[in-house]
């Protein structure tokens, strides 16, 4: 169930330039699944809207949510100032999450780019923990970074075959995640991706070419985060069942979509 | 010189119901004199204006400012949540302060009511520390409270003859500070006062009757705190030298006025 | 303690409603609050056929507020009746349907379609929507156009009509009087104030639509002023909205003259806001011995 | 890098001014910032004789903004000339005198009195002040009244005139065009938006005047929209203001079409705001290779 609750900050650290790793104590961790996000509120009254931030980790047992975010503007700058013991209002869990069951017996290809990297961490973890009958046949993880600041890559390594791509070529494949897919000839399996729109568009057509399913997580400016305001739509190929026009709500019908269904 | 600077919170404690005692490290302490105030900003972007709070203590040597305030609304509630180590923007020192020199060789009568008590503490301290040739002949301190929560009274005791008046009669004189003045037959000297308007009006007429000078500190809603917006005026008997109408600015021409000059 | 209010013969259990477009048709916020606690659910604007709305970005945050240019996306009145009204039937609250259209004819289609539906308590006519043709925004900014559409819809409606006024006018009193003169049963205000935000790094408008409607606490002082002016200009009930976040805010509108109030953009900040406002009003009434909410209406 | 802007033949070293009434005549903020850094000091409104203004409370805080009802208290033009103009002479900045009056005649008195004073670069006519008689607020809300007063003052002024427009209108374009048609050299906007606040515990208006003018970051989206609309409607320069707190905000107005901008209520929040805005604009120009501020004007 979605809730807005006040959570206690457990830790906060910078893990790359302008990239922060925030852990909070929250009962929302219980229900959260990878690919979902939360609406995080700044304590500042001038900022009305929650910031949508993907769930990078959800420890059910300990009740800990983890977020990895980049300082983008006022809201994320506010978050970066939080210290252990501070309190934070969080609305969540929001959205649908990645369809983890689609990868049973198949190659799971996890692809993240830039600040799209974090949501795939919990996905990688959960995929790697599945019982044999529900598990994918392989877990390939392709993460794209700007440069050698390959945040979270050490953790990804634990859950699958990690391929790194960097814009500046300082680590791994020189180029985009699609370049890496090509170079490593990853042509079968189910793609789970998150990242900037050009990357997702590239992946959607790559997946199409190779007849791979691609589940991509989208971003849009949001107001409510719960499907009420119609602020955050994406164009769909067919008339959407809820809206009755060719619009789906990213916050509720997504953020994860089957790339085939979208008109990107 | 007036400045707006970021100051470090040294301590904060509740000293009576809804009354807090806040100490900050601030170079503004150097120039501050009793009767002046500061504009304290909340860190919350939705609150544009500084909260005017009187200087209750200004330790020049150690560079410490002290404020004692009552939770009144959003801003003061925000202040009450501050902890040691937090930072706070403060604009000050503002206003004119009490004319301490007027009491040389005379009885200084310090009168405070309710949340008007705090500014007189530093005044009492400074009067008590004056060299003999500049000192008053006596320091009478008359403080009015609602009830037995006579915050700061222990400190006042150190600096003069303390008379307490309480609305409910639980401590000292049962009644107002004016009742206490009458009861204790204080009929000469210079009055320095701060408190609610009805109390100040009462004092002004008491002072008039007994031909005592009365310097009273006023409150008004303020925007700039520095004399620019004309938000905080009080009616004067004569045309004011700055405004050229019968209005003086409380934030700059006051907050301390010679009661005779005002049209209360 | 009586929190009931009656508007055009319809009794509401309390004066707190949802502001159209900020609460969907109730489903989404039903996860957070008990819809049966609300005075009324005012639905997202509905037209006679599905509307696609505007391209994204459709929303942008501003200081203590937000801009939106949803463009009145809606599934059309048929789906609305089958799905949304059916859902709302399950709750003990009144339903006010917000109606939009591109032309008088389109408004009329919706009004006539809903006129006989028992589940609809009232209709609120959004004549302040920024993208209507044929007179367009004129419906909401020109007294004569407002008069005409009000009259037309009243002639065909079996339900009481609330005319929702735009704040983007020189004289709100004149608009309120036009609505009243044409037979409106009530007026509601304010709709959003037209605003704009520019991203100076992208050198582009923050909204695809260039302009959007400003709402949230930022606009409350303007809304309170207009509710005060309007409620002193007319004798029909006024439903006040614009930036209501707390019971204090709601009471401010009531003291300014509103018979009921609506909680809008603040739902996005606090999904529990509607019920918290109701509880806060009850507490205020208890604390300050207000036996009937009507006793403080327009008290300043 | 060129930050200079020229308006009606007057050259300003940079596009950053103070908004009338928020900066006195410069003395008070001269303690915080070097007035010589400013493009211009726009003074508090001055009339032909001293005005007492309104009773207190005159100001009230609102979400990300404030209401004021100062009532244009001012010492009159004689004192202004002797004292305030003399003070400002000491700084390397331009002086724009904001003018108010209760009637056309009173405006005219001030304009004529200042027309030959070399220390005055331009005059800004406040036709949006809420308490003028004889047509009153009409000067600022009726296109014909605005046209007439603009024309009259232009006929008698040897200085370029800026007409300061009210946002409390249905169509700001129409107002801007009226001012232009009547010969205004520039327009400035927005003045405050009329608002109200009620203290629900005292059951009284927060301002003695009941209504006041809303300013501060809360109104920025409305101001940017109006500056955009106005600057696309006329060919005379537009001076933009309304909630500017940072260089980003100022650049937003410039990108919307403003030739210059003014920092208002935010001075109360940050007495260093004016110079910080100037420095921020310079930094933006350096960082994004803007060689002339004119290159980004109206760029969206």
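For clarity, chains are labelled A, B, C and D in written order, and residue numbers in each chain start from 1.
We adopt the following convention: a contact is a pair of C-beta atoms (placed from the backbone, for glycine too) under 8 Å apart; a residue touches a chain by one contact, two chains touch by 3 or more.
Please read these numbers as outputs of a predicted model, since none were measured by experiment.
**Student:** With chain centres set to the mean of the C-alpha atoms, which chain is at the far end from chain B?
**Tutor:** It is A.
**Student:** Averaging over Cα atoms per chain, report the distance between chain B and chain D in Å.
**Tutor:** Here chain B and chain D have centroids separated by 36 Å.
**Student:** Whole-Å distance, chain A centre to chain D centre, using C-alpha means?
**Tutor:** Centre-to-centre distance between chain A and chain D: 47 Å.
**Student:** Centroid of chain C to centroid of chain D, CA atoms only: how many Å?
**Tutor:** It comes to 34 Å between the two C-alpha centres.
**Student:** Can you list every residue of chain B that touches 2 or more other chains, as numbers and ranges?
**Tutor:** 45-47
**Student:** Could you say which residues in chain D touch two or more other chains, in rising order?
**Tutor:** Residues 63-65, 216-217.
**Student:** Among line, ring, star, complete and other, which one matches the pattern of chain touches?
**Tutor:** Shape of the chain contacts: complete, all pairs touching.
**Student:** Which part of chain A faces chain C closely enough to touch in the complex?
**Tutor:** Going by the criterion above, the answer is residues 1-4, 41, 45-50, 91, 220-234, 242-247, 252.
**Student:** Can you check the complex and tell me which residues of chain B touch chain A?
**Tutor:** 43-47
**Student:** If you look only at chain D, which of its residues touch chain A in the complex?
**Tutor:** Interface residues on the chain D side: 63-64, 217.
**Student:** In the complex formed with chain C, which residues of chain D make contact?
**Tutor:** Per the stated touch rule, the residues are 62-65, 67, 141, 168-171, 193-198, 200, 203-205, 211-212, 214, 216-222, 224-225, 228, 243, 248, 251-252, 255-256, 284, 296, 299-300.
**Student:** Applying the document's contact rule, which stretches of chain A touch chain D when the two form their complex?
**Tutor:** 45-46
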